[in-house]
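Here come two complexes built around subunit A, the first alongside subunit B, the second alongside subunit C.
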Partner chain A sequence: MIDMVKEKIEALFKEKKIAGFLGLREQNGQVAPHLFMEGQALEGMCLGDRKIAGDARYPLNKILVTLARQYPEETFGILARGCDERGLYGLFRLNQLDPDKVIAVGIACPGDLALACECKKPFPEALVAGEKIQAGDSIKAGRETLAAMDTLDLDKRFSFWKNQFSKCVKCYGCRDICPMCFCRECSLECEDLVSKGDLPVDIPVFHLTRAMHMADRCVDCGLCDEACPADIPLRLLYKKTAQIMDIEFGFTSGINKDERSPLSMMGPAPKKVAK
Partner chain B sequence: MDYQNILTTCTYCGCGCNFFLEVLDGKLVGTIPCKTSPVNEGKLCIKGWNVHQFVQSENRLTHPMIRKNGVLEKVSWDEAFDYTASRLSEIKAEKGSDAIGFLTSAKVTNEENYLLQKFARAGVGTNNIDHCARL
Partner chain C sequence: MTLLSQVLDFCGVERERLRARWVSSAEAPEFVEEVNSFIDALKTLGPSPLKAKTAKMGVS
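Now for the complex of A and B:
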């Protein structure tokens, strides 16, 4: 699989299509994000599968936003799984990246990873290596998890989340790792909403503010979940928000390249899309 | 264009979390927790997440300084050492060793911390020594 990825990248360099390729590399015994430059060997390049598939993924899109802000004229190649491509589509829509300046080199995720992620689309359109797995099973698993939560009555559900939120150490890691969080001024640092410098965190304002802001952005990559030192099931919370967006507006963040968010349209609410 | 991720260990406390410092064209622009580190497994506390900010902070001391007539002034290392040594000796002679205390740091090495406690206990003769990682 990695050979096909490397071949593609070498071709992109040869055709002078990219200034650099953002991927992953084994370095000092760890997996690290790395910007490969032309003429540099692709030695050490890896795909972020250590002990199990996808266990060493990084927010490459977030790094790309940093690079693109500094070098807006350059085109970059980037390693992309399904969720990363959903993230790219989202960042195009939100004017954080220029679609003409990004070339995704896509890899498909295996079935066990798709199931663990309850993934809606475990492969990118720009597929270069790996086999497409249809998302039927993982979508079904996601629906079942949410349905199980919904069987709890409102009081129980609220106390479940209150207990979860009370574990928060307010590290802001969920925001800092998120490839879809790019605001220069963050509401979670607005002192009218969230108190500064003390614990416990404002419950439920902190986490629900973030969930609201993620409603039309979150591409369900799970990086926040993996970065949370308190093991709060953040991804589950955002999956619920995404489900509401889907039911109410027929919108799923990052699924279509030319999508528009119902939350940024003026006028009457878009018609519900029959499923 | 030069973008690099430098693997290093957090200086804030003794846990030893690993992260990458993101360096873009010679400037630190961010911190990324190391996913494959067995110590922190891709997680950090709020101090670790913001570690890149203090390195380039304009508030960092770059010279020894002594407060003279209420105003901090830049001085040479020699002057700073002489002043510190003579004032410590004076205080010890006047009020005893326990009138002196030392604060050390998690941002220095184990060996430097060892040296300072040795200096406090064997040199000055006090157990008054503590550190910022008690936060």
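Now for the complex of A and C:
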């Protein structure tokens, strides 16, 4: 798989289509993001599969946004799984990246990874290597997780989330790792909303503010869940907001390249789409 | 609104605790009626489950 990816990248460099390729590199047994430049022979490049597929993931999109801000004229290549590409589509929509300045080199995820991730679409459109796996089972798994929550009574749900939220140490890890969080000023640092220096955090303001901001952005990549040192099931919360967006407005973030968010439209709400 | 009320419900806060209405500044009676009916609704619901928590947080 990696040979096909390398071949593609080398071709892109040869055709002078990209100034650099943002991927992953293994060095001293550690996987970390790396910007490969022309002539580097893609040494040490890897796909983030250490022991099992996709166990070393990074928010490459987030790094790309920073790069693009510094070098707006340059075109970059980027390694993208299904979730990363959804993120790219979201960032195009939100004017954080220029679609003409990004070339995605896509890899598909294997079935077990897709299932573990409850992935909506485990392969990118810009597929270079790997086999497309249909998302049926993994989508179903995601729905079941949500349905289990919905069977609980209101007060059970309340105490569940209160316990979860009170574990928060306010490290801002969820925000910092999120590839869809790009604002220069963050509401979570606004003292009128979130008090500084106090623990536990303002419940539920802190987490629900983020959930509301994520409603039309979250591409369900699950990095926040992985990053949270307190193991708060953040993804479950954002999955719910995404489900509401889908049911109420027929909108799924990052599935279509030309999507528009119903939350940024004026006028009557878009029609519900029967599914 | 659609979104927030459902998110609150998911987190175990009654949807009835959230209300948004458009009332013109020229419609004082409507405003009074709206607020009174909201107060009545809240009294029926009783104290918010979040209240105990926030009161505690004020002390640091």
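Note that the second predicted complex is superposed on the first by the 275 of 275 C-alpha atoms of A that agree within 3 Å, B and C clash if a C-alpha of one lies under 4 Å from a C-alpha of the other, contacts with A are read in each partner's own complex, and residues count from 1 in each chain.
In this section, a residue touches a chain if its C-beta (ideal position, glycine included) is under 8 Å from a C-beta of that chain, and two chains touch if they have at least 3 such contacts.
As the structure is a computational prediction, the values presented were derived from the model and not from experiment.
**Q** In the superposed model built on subunit A, check whether subunit B and subunit C fit or clash.
**A** With subunit A aligned, subunit B clears subunit C, so fit.
**Q** Looking at A:K17, would you say it contacts subunit B, subunit C, both, or neither? Reply first, second, both or neither.
**A** Neither partner.
**Q** Pick one for A:W161: touches subunit B only (first), subunit C only (second), both, or neither.
**A** second
**Q** To the nearest 10 degrees, give me the subunit B-subunit A-subunit C angle using C-alpha centres.
**A** Result: 90 degrees, to the nearest ten.
**Q** Of the partners subunit B and subunit C, which touch A:M149 in the superposed model: first, second, both, neither?
**A** It touches subunit C, and subunit B stays clear.
**Q** In the overlay, answer first, second, both or neither for which of subunit B and subunit C A:K140 touches.
**A** A:K140: touches no partner chain.
**Q** If we overlay the two complexes on their shared chain A, which of subunit B and subunit C does A:M245 touch? Say first, second, both or neither.
**A** Touch status of A:M245: second partner only.
**Q** Could you look at A:R260 and tell me whether it touches subunit B, subunit C, both or neither (first, second, both, neither)?
**A** neither
**Q** Please work out whether A:I203 is in contact with subunit B alone, subunit C alone, both, or neither, and reply first, second, both or neither.
**A** In the superposed model, A:I203 contacts subunit C only, not subunit B.
**Q** On the A-aligned overlay, A:A215 touches which partner chain: subunit B = first, subunit C = second, or both, or neither?
**A** So A:A215 only meets subunit C here.
**Q** Looking at A:E74, would you say it contacts subunit B, subunit C, both, or neither? Reply first, second, both or neither.
**A** A:E74 contacts subunit B only, not subunit C.
**Q** Rounded to whole Å, what minimum CA distance do you find between subunit B and subunit C in the overlaid structures?
**A** 17
**Q** Which residues of subunit C touch subunit A once you look at their complex with the stated criterion?
**A** 2-4, 6-14, 49-50, 53-54, 57, 60
**Q** Write out the stretch or stretches of subunit B touching subunit A in their complex.
**A** Going through subunit B, the ones touching subunit A are 1, 3-5, 7, 18, 20, 22, 24-25, 29-30, 32-37, 42-46, 49.
**Q** Residue numbers of subunit A touching subunit C in their complex, please.
**A** So the residues of subunit A in touch with subunit C come to 149-150, 154-162, 195, 198, 200, 202-204, 208, 211-212, 215, 237, 240-241, 244-245, 248, 263, 269.
**Q** What residues of subunit A sit close enough to touch subunit B in their complex?
**A** Residue list for subunit A touching subunit B: 19-20, 27-35, 37, 50, 55-59, 63, 66-67, 70-71, 74, 169-173, 176-177, 226-229.
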